[in-house]
Amino acid sequence: MNQIKTMFAQHPLFQDFSEEELEFLATCASAEQLDAGRILFQEAQEARHFYLIREGDIALELRHPKRGVITIQTLHAGDALGWSWLFPPYSWHFDARAMSHVHLLAFDAEKVRERLEQDNSLGYRLMKRFASLMLERLQATRLQVLDLYGTPS
Amino acid sequence: MEPLHSTSQVPMLPMQPEPYRIERVHKDTGDTFTLELKPAAGNAGFAFKPGQFNMLYVFGVGEIPISISGDPEDTASLIHTTREVGTVTRAMRALKQADVLGIRGPFGSSWPVLEAKDQDIVLVAGGIGLAPLRPALYHVMNHRSDYGKVVLLYGARTPEDILYKKELAQWRSKFDLDVFVTVDRATGNWQGNVGFVTQLIKRAPFEARNTTAMICGPEVMMRFTAQELIKRGVAKEQVFVSMERNMKCGIGLCGHCQYGPHFICKDGPVFSYAEIAWLLNLWEV
Amino acid sequence: MQGYRLEPSGLEQVFEKLKSQSYEIIGPKLKDDAIVYDRLTRVKDLPIGLTDEQGPGYYRLKKRNDDAYFGYVLGPQSVKHYLHPPVFSLWQAKRTEDGFAIPKERESAPRYAFIGVRACELNAILIQDKVFLDSDYQDPVYLERRKNAFILAVNCTQAAPTCFCSSLGTGPKVEAGFDLLLTELINETEHYFVLETGSEKGQVFVKDVNLPAASEAELEAAQNRVKATEEQISKKLPTEGIKDLLYASYEHPHWDEIAERCLSCGNCTMVCPTCFCTTVDDVTSLTGDTAERVRRWDSCFTSDFSYIHGGSVRPSSKSRYRQWMTHKLASWQDQFGSLGCVGCGRCISWCPVGIDITAELEVFRQERGQSESN
């Protein structure tokens, strides 16, 4: 248990969390590995976990009837992955595929949610961290879709 | 008494282009090409500082500013990478080996490669912005032991738009240079990073407090990149950007490239972010 | 003060001497219902007995009650037309086996003698000197013309309601930068000039014209005349804190209000004696064997001016007016160490909708003052 805790205790997502809170999160976490090319989750599946990437790269993908598989974004060591677990109907919006051999920490979404519902202080703090993460990713995505390097017409 | 009409000895230089012959044309991407040039007459080398630009003239068509993208220590030939975006660049793209172009330059300020000695170097390029940064990277790699960590972060539109692919592969294989490439839109079987170039900053290996960063790309990209670097701890005086504006003369006389109090052609194109941050956030300056 | 008395008839002698020194005489002349700088051959070419009435968007000529030679205030043009020509062929190139060649030899610059240059215009020349000559690269076109120039300045003996040189310290009294200076004195009984020298070139020039020294009374009359002119000037452009004021006003809504009136015609930039911007046209002969680069005045009020691939950096007329005014009064100080305005008021007279730079500045100043006191 303690070993798992050390894997995420320093992550900015959980910065300044109490020892008790970290220990609780450790009970929700499990270490996982995924070979390159394997699917971590698929669109429309139930979002049972959120992840911290410890090593390796993950691609968020979308299957397009004409263009095939499109990579929307890639995530890397240190990144948190997944926020569909936070909101009903708790289902993934994209596919996630390992681009290389990946080491992950998977957190049990249901268990974490239950605690957050009861412990609003922890709920607020974790939600704030996720919100700031989402904002950062949204801003980068906005720049990405602006097509800034395109040839002006 | 002086005669009314004699000939003048005051030279029109540097207003007159010098003829340069195209030694080689290389097509980089769908709309980008690189010209290798040598003086049409004589063997004079072309000395410049990384980040400087030339005015390139296509006979009878027009003249535009283009940054120099070759190795500053290889003065034998002059290298320009250009994207076809207007009348002059369109005409330029139609030129072939042995055709002649006019050159005036080099003009403008340069990347602070000498001042950045002993520091970590972070180069952030967006799109065609890699071309003006390449001379800085050449310099740093030529004098590798003068610097700490060296990182190149490069964002392109799609995998097809990635410039200098062969060279990037060589750079990637070096142990003393970290190269990260990302694309906005993945196409084909691209297996690399997807996301805006700012996303590369947080995981790039450099020590922010001892870093000089040089950014070149579209203005919006440079603004957000500078902010991201500063967020990571790089001093804003140590962040440099290269600006672009309309230019007719290149020597501070035509007035076109004014940017607040600055003339991009002579005070720039390279500025410290600290110097121009106040202008970058104003509309239509 | 030291000076000479010059009779109106003596001015012809000055003209002749300038011609004998192979100067082309450029001075005020009636043309197209305005007084413009043009080639003069004799004193009779001057706008004798004419004066001008000016106001925002207003310029009319009127007959005077006397035969004063310099009895007008300012025409639309300044000597900028000659020192920094509106259109100039920078070079011609011929196709050759080595691509192209540009002949190194060019026709030498003309030698201009400018007659009737006013204090504000002289200060504009001094400002353009900094722009074109105090730079890493000098403008060879300006340099040659400037070096060759002979300047016969004239003190203003009347002011227009559009004048505001006195608040900028650029007039109405001519202080420096001239070779010869005239103050015209005319009343029912007398018509003469007090002539002063301002350079070695000017001293040498008057030496062999053999003029009588002006009397104390005549010198005093000349001084009083200029003082009286200064008293006529009512318009002001207070310069204190002007740079910070404008730099702080980039996002001010008043630019929108100005833009509702501004036509983006660029008249203000054309008549301004300090505006220096140019563009180039690269043209070829029909056969394509020769090419030429023609430089011409440009205006920051056109959308092409700031065009880079993809569009104009300043698409709105508010950003263009803001660029112009901020340049004149703020960024010019950072670039060249002075204002880019000499208070001649031409931009006010020749603006088709009568936009008055001093009035617009006052709006920014007032609102700034209010927001500071709140």
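By written order: A, B and C. Residues from 1 in each chain.
We take it that a residue touches a chain if its C-beta (ideal position, glycine included) is under 8 Å from a C-beta of that chain, and two chains touch if they have at least 3 such contacts.
Model, not experiment: these values are computed from the prediction.
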Which of B-C and A-B has more C-beta pairs touching across its chains: B-C
Centre-most chain [mean C-alpha coordinates]: B
Geometric centre distance via CA averages, chain C-chain A, whole Å: 67
Centre distance in Å when chain B and chain C are each reduced to the mean of their C-alpha atoms: 39
Geometric centre distance via CA averages, chain B-chain A, whole Å: 37
Of all residues in chain B, the ones touching two or more other chains: 85
Multi-partner residues of chain A (each touching 2 or more other chains): 152
Residue numbers of chain C (touch at least two other chains): 309-310
Parts of chain A lying in touch with chain B, wherever the complex brings them together: 57, 59, 70-74, 76-78, 99, 139-141, 143-152
Complex interface listing, chain B residues touching chain C: 1-8, 10-12, 14-17, 19-21, 40-41, 57, 59-63, 85-86, 99-102, 244-246, 248-249, 251-256, 258, 260-261, 263, 266, 282-285
Residue ranges of chain B touching chain A (in the complex, touch as defined): 31, 83-85, 126-128, 155-157, 161, 182, 184-186, 190-196, 198-199, 202-203, 217-218, 220-221, 224
Footprint of chain B on chain C - complex, ascending: 20-22, 90-91, 93, 95, 98-102, 104-111, 131-132, 135-137, 139-140, 143-144, 247, 250-251, 276-280, 282-284, 288, 291, 293, 298, 300, 305-310, 313-316, 319, 323, 327, 330-331, 334-335
